[in-house]
Amino acid sequence: MNERRGLAGSASYGDDLLDLDGDRLREECGVFGIFGHPDAAAITALGLHALQHRGQEAAGIVSFDGARFHTERALGLVGDTFSDADTVARLQGNRAIGHVRYSTTGETILRNVQPLFAELDGGGFAVAHNGNLTNGLTLRRQLVRDGAICQSTSDTEVILHLVARSRRPRFMDRFIDALHALEGAYSFVGLTNKKLIGARDPLGIRPLVLGDLDGCPILASETCALDIIGARFVRDVENGEIIVASEDGIESIKPFGVQPARPCIFEYIYFSRPDSIVHGRHVYDVRKRMGAELAMESPVDADVVVPVPDSGVPAALGFAQQIGIPYELGIIRNHYVGRTFIQPTQSVRALGVRLKHSANRSVVAGKRIVLIDDSIVRGTTSVKIVQMMREAGAKEVHFRISSPPITHPDYYGIDTPEREKLLAATHNLDQMRDYIGCDSLAFLSVDGIYRAMGEGARDPARPQFTDHCFTGDYPTPLADLDLQGPKQLSLLAEVG
Amino acid sequence: MNERRGLAGSASYGDDLLDLDGDRLREECGVFGIFGHPDAAAITALGLHALQHRGQEAAGIVSFDGARFHTERALGLVGDTFSDADTVARLQGNRAIGHVRYSTTGETILRNVQPLFAELDGGGFAVAHNGNLTNGLTLRRQLVRDGAICQSTSDTEVILHLVARSRRPRFMDRFIDALHALEGAYSFVGLTNKKLIGARDPLGIRPLVLGDLDGCPILASETCALDIIGARFVRDVENGEIIVASEDGIESIKPFGVQPARPCIFEYIYFSRPDSIVHGRHVYDVRKRMGAELAMESPVDADVVVPVPDSGVPAALGFAQQIGIPYELGIIRNHYVGRTFIQPTQSVRALGVRLKHSANRSVVAGKRIVLIDDSIVRGTTSVKIVQMMREAGAKEVHFRISSPPITHPDYYGIDTPEREKLLAATHNLDQMRDYIGCDSLAFLSVDGIYRAMGEGARDPARPQFTDHCFTGDYPTPLADLDLQGPKQLSLLAEVG
Amino acid sequence: MNERRGLAGSASYGDDLLDLDGDRLREECGVFGIFGHPDAAAITALGLHALQHRGQEAAGIVSFDGARFHTERALGLVGDTFSDADTVARLQGNRAIGHVRYSTTGETILRNVQPLFAELDGGGFAVAHNGNLTNGLTLRRQLVRDGAICQSTSDTEVILHLVARSRRPRFMDRFIDALHALEGAYSFVGLTNKKLIGARDPLGIRPLVLGDLDGCPILASETCALDIIGARFVRDVENGEIIVASEDGIESIKPFGVQPARPCIFEYIYFSRPDSIVHGRHVYDVRKRMGAELAMESPVDADVVVPVPDSGVPAALGFAQQIGIPYELGIIRNHYVGRTFIQPTQSVRALGVRLKHSANRSVVAGKRIVLIDDSIVRGTTSVKIVQMMREAGAKEVHFRISSPPITHPDYYGIDTPEREKLLAATHNLDQMRDYIGCDSLAFLSVDGIYRAMGEGARDPARPQFTDHCFTGDYPTPLADLDLQGPKQLSLLAEVG
Amino acid sequence: MNERRGLAGSASYGDDLLDLDGDRLREECGVFGIFGHPDAAAITALGLHALQHRGQEAAGIVSFDGARFHTERALGLVGDTFSDADTVARLQGNRAIGHVRYSTTGETILRNVQPLFAELDGGGFAVAHNGNLTNGLTLRRQLVRDGAICQSTSDTEVILHLVARSRRPRFMDRFIDALHALEGAYSFVGLTNKKLIGARDPLGIRPLVLGDLDGCPILASETCALDIIGARFVRDVENGEIIVASEDGIESIKPFGVQPARPCIFEYIYFSRPDSIVHGRHVYDVRKRMGAELAMESPVDADVVVPVPDSGVPAALGFAQQIGIPYELGIIRNHYVGRTFIQPTQSVRALGVRLKHSANRSVVAGKRIVLIDDSIVRGTTSVKIVQMMREAGAKEVHFRISSPPITHPDYYGIDTPEREKLLAATHNLDQMRDYIGCDSLAFLSVDGIYRAMGEGARDPARPQFTDHCFTGDYPTPLADLDLQGPKQLSLLAEVG
């Protein structure tokens, strides 16, 4: 056992001992905007609440009342801040945009919380961003060299500066000027004193949908944010499209011409909520089909199918239905785990405490189980979950993953560890199986996941999805990767 | 539609609009104690965390270090208070007891948070209580008449006063004296400067188990509190039994003689965690069998089986497996709902916002669904969930409840509304179906639930379980029900 | 220098380096009550604010609205809690009592914060207390032996238990029963569902005055609490007198017969506010006369008279006017010192930082100064203040104290250190002068202070004041001093 | 009475009823910096604490550790934030600057709290500012027009942008470039990765001194910030001088040539601490001389001299000593008034409650009193204080003000009301006397105040001090006064 663990070093201890969710990928953001509704801020708060799974570290809303912009931003969940009626009431006006944020540790400071706002020459401009620029730091350095003062470490501030410095007279031209300088993934919502603006990058990597509530246009990262308020889904914003909502109606601008979209496949695998519809596909259905494809590709003779809660549930249902083995809750989740928890003493830690999940012995004991999860990142929690199953008496543990091995990091808004920390980047399948300690291990193939998406297979010439985490095929240049020199900009993070 | 709602009055509005959990029964407490372990307080905190589902409003621990008692108590979750290493470190000593509490609104004040402590003539005594005395108020009035000063509105304080006032010289005799005065349901853990004590009422209405961690005795409400720390399950504490753990070992006292137990059936239906084993039965298995019995009693021709999350999940699995219809997640739960949330304006409220749950349209639309829940109390949320299914396009909604109709309130530690608020107390089955708005409605029968428990049928002469909520057959006298006069004692609640 | 300091050990370092107020005596409490005013709670909050100098660690108010008692209590200043309009609004009713509290470290926990309340057989009773019982612990042990459960470590709870256990039928008789058991100093205000009650101990050690606002009776520790609300001063409550205000008017009861009063002389020296009138004497005038008597007894040839702010100010004015030397502010107080402050690193500490006071060099440099303070307790801060004067360039520093040497601890509600920590208990005048490091040192004589009070001299047979701190002549028995055995009751302090 | 009040309208009600300090002038800031000390941040915290009287609404410190800048900023007092050892420990490095801030209501938001920081092309730059630019808004508009994004509403940010945009290669040249664009009053402290910088405007309106602690240079607004840490006063920074401290020692730069200084006279009247030395004058002595000059100019036959605490105290001592009437504390200050306080109900408000001050009846009753204050702004509190003296029984109230009438607002960092709210701008002396309700009223003359400063008289051609509040003679142009158009920049204030 120790030997197997030895492959990856410190897998057998550490804080993640306590948390099966500690080895998940994290999305950086969700955005929402509405134009023309008397309860704009309250509706935005509800929309952000529906998008909470996209970012739990901070939330913010900017509204405009025809004369002034108003902002409320805070660390914490949407409900922590916007359950206060006074807070919502201060956000006057019939148009608003909002943002929920996930961020890597240490950078979550209030001045990075979005939407960001700047008073430009022609009036105020607020913007919120889901995604990540692959040339954000490069642009920032040029701006600072030209005398710009950056007050956040957020990519989003770059677009503010680019707009502020454009010499074009009309706002939308300045905004388009700015977009042309950007590389990477972005879904923006913006608010000026006249317009609500949405924009997706040329490949449409991150999602953005257009909705309608009683004639008021809505922009949101996912359809579940429309459902919570009973709004109508109109259509996806297209890749490379700018949507401008104003009192004159809705305008569509395509400054990049027309090209095929290449949305991020992880929205289907993990990020989007199961009840959302992304580019015409029900996420829940796609996940079940991933499980079914997995069952066809890598069947196993077993007694029960057990999902790793909660992300493995739909794939486990699809697997179980396809293969005809009963689906059972072999792992119970404790819903009362907050953002901090008991730091047990070293001797207590040695007990192997599991605060967040426990084995359901009546399902597991004496059984051959198929454990279904959606992905493996570092693999550290997979080790623990298999161990937990064995301690509960499982006779065999077959591990099935409803997506391909993650071999490459992301630079488009998903928080992935460095390449050398990705289990599949440094281990082959047998090594992974040994490291995790399961009896068998299989991943869904790349073509299998394309089939689950309803595509025949991956088109290597023009891949239908952004899938570099599995393939290494990055869809845009990665300018910032080559930057050298002191990363002084990160000092900003400490300027409270 | 309005007409149907008219039957029960205010069902169509109110704060519970927002929360499908607003119509659940609530358990009042969970208890834990350990004797002789160097990390007694940390282990107690972990045990309470595993029991968090039994009470989320407050938590407390008392430890004893051989010379002094130490206490930490606070409103909120276990992790809110006991994630702080300093707090745990202050709880010195190798023995500790702890408590998690649910309480009706307005009464959750710090001085009611358990364990309660009193300095008696022979030394300190701390006690924590799960259950409810049916003569608690009666006893309290006698005590006040005799010059006692009560500082809480908690039943638990009554036992402290009874012990303090007993004239017997030995502590255990005084404790037994006190127990003889009590009527109702209780599972106590207590701590003196010598002993860890556990006690169950003569019928064993509320649960209590005995465990062992490296030779240290543990008392806990459920086995899941043993599992989290890797402790061994020894046996259930028996009805009417007192367990005394001291440096001399473990002693069992049975002051009430031997009589058949009559544990509360709701521990199986709703309260206990699915991975707990209660009186030898796996809770998860029992709940699945309730679903299976229900499928046999009240089958239905449908396309999908949909659980009301999370409490309806095991019964829905059992129902689906029994009847052979696919189990699907037709309702998605938002895990980020905190203890407060957005108070939408009236106009937003009219949108029918659902903060905590949403329909999964891809499962529901165009389908005939069987909705499985574990119980109906007032019925208000059942109305909303059926409505949500219909709005998501369900063709038919068949509602199946995996326990019998609740017609009588509880007085033994479960927070039930007054009788006239219980839907099944005032409506027959057809009326309930019409009120809820489903296409068909069925409850599991009383005998069905006994079968799911592994009993042939209910023995009316000597019922095997406390089941008055379904039958009106209360297992003890209800002295407090007849009390008249000013309820001055509740004023204490305001003495913060 | 080291040698001198050596006498008292650690005088030269420690936290008190930072705070000239660290060596003051502390009063334990102030009380207030009003009957019949529609704004009873708001007026009580204002009265307590005026009494804030008597206790800054906690504040509480109990009101009665004809049916229910309401309580708000919290650690901190009156304004911290009662600046909140909602808090005051919850204290419904036209009668209220309140309390401000000082307490020794570690015992200030919420359950000790007064007023305390108990639901007695005949109805609720709230009580707040200024003073200290010299047999409080003795009584408490008897009560516990008789089965009472104490929930605080406060003396005040003893009276609640005594009243609760009295077998007399009428409330006032039970209250008088209880008073007869008490020894020591007490000024109580109490509230029942019929009456506002005030009571002073037989010697009238702690103050209590009767006032009137628009026909509503008021009880307060000092007249400044009447002035803040524009209430009329009626008279002092007499020693051994009970005042009962009800809808039938005001009644005076003297259960102890008539005997000479013996009020605490420290109310004049230090505790009462300078604008209060205590037993017919203006406190400011008395303090100035103490300074003038001191000038006559111990004159000195100097350039300026400098008060130790703020307590030495009136005596310094009296001294300066009497002796004809200019009064100057040689020490400046920083008013922005909060309840916590910078913990400088050890190296910064070595700088001799003075956060709360600084020398006013323009007054001190090159001058012979007379420094006036009201008392010396441990002497630790006197050392520092003299040192500060010398560092600012004082040519000579003559220290004059406007009260006699403190040689005995108090047990009547003043927080004094143990006898061996009192500088004057272990040092003669020359030793004290050497320890403090001043050029000359003098205290006001005992007869001098009696003259300042307007008495010819102290009557040793029947001293006009409680003055044991100077004389060792304690006015009551000190039962608790002889108590032995484990002080288990202090464990209660930890039961948060 | 009503008639007199009628002259100024709303004098008789409002929140200022409760606070004699409500009618004070407010200074905007204090600054501190140190170079080369291992405890730089702790020392800066102490220095800021000594400067707390210059600003109580926020405090901040930036340190530099040779590689990274660190910042801690917060609303509240210095001690609220920097009493936490962890906070100070995070401010690593041997150089630091700090700031305390006062600000008009509504603008005190965290992003305005200084020091401000920017990452410029050549490295980080932090700056803190005492004073006010009279062309700050004009500059800001130009900057925004040129594409700058301002993230605060603070003047201080303007200097950051000017430095960032200067095209000069060396930092100091860019800084001097920026200074040349500024008009108004400023005393800056700045920190780069090489240097600690101090700068005063060409007239030296706001103060700044140079000190030395064990060879480490210090910059501070006042000498009292040197005294608290035992640092040596070196000299005042001169008007128009830049001080640069680096590892190469201290350099003085005078980019504006040499011209006569014209420091603000209000530093002597009100702002500086009495123990500070400003431009070679002891503030306490100057204030006493103002009182003495006032006594000579406007003597009065009276029984006692009473200061309005605390600002009138030194002038009252000077007045009393000069005229030979006893100085007495006729007004007592309650030191426990926090930042919020009881909002009494309307009926309680009618009682004329005085939370912060009370009359000392024993001094006032039956006496002819001379009341001494340092200035009159709106006059609203003067009305109340005279009324309070009369209600306490004063026979006559003669009001003497130790500075001339304030007839013009300030634009250099002192918060004054608009001109029409200044009592002396709209009333002649008789009208002021009638409005205030005193028996006589006199102000110190302009020449009298120059005499108190040790100048023969004011030189109208080249006034020795900035004294426009009394004379209307503003020392610099007031560009921003003429700005028109939407003040959009203030919207920023809401972007929390």
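Observations
Every chain is named by a letter (A, B, C and D) in the order it is written, and numbering of its residues begins at 1.
Note that in this section contacts are C-beta pairs under 8 Å (C-beta built on N, C-alpha and C of every residue); 3 or more make two chains touch, one makes a residue touch a chain.
If you're wondering where the values come from, they're calculated on a predicted model, not measured in any experiment.
When the partners of subunit A are compared with those of subunit D, no chain appears in both lists. Note on connectivity: the fewest steps through touching chains from subunit B to subunit D is 2.
For the pair subunit A and subunit C, the distance between mean C-alpha positions equals 61 Å. Centre-to-centre, using mean CA coordinates, subunit A is 37 Å away from subunit B. Rounded to whole angstrom, the centroid-to-centroid distance between subunit B and subunit C, based on C-alpha atoms, equals 50 Å. Of all residues in subunit B, none touches two or more other chains. Contact between chains, as defined at the top, is found for A-B, A-D, B-C, C-D.
Against subunit D, in their complex, subunit C makes its touches with residues 38-39, 42-43, 45-46, 49-50, 52-53, 56, 77-80, 82-83, 85, 88, 224, 227-230, 273-275, 277, 282, 284-285, 310, 313-314, 317, 321, 326-329, 332, 334-338, 340-345, 347-348, 351-355, 358-363. Residues 62, 68-73, 110-111, 117-121, 123-124, 144-145, 147-151, 157, 160-161, 164-166, 488-489, 491-492, 494-496 of subunit B are the ones that touch subunit C when the two sit in their complex.
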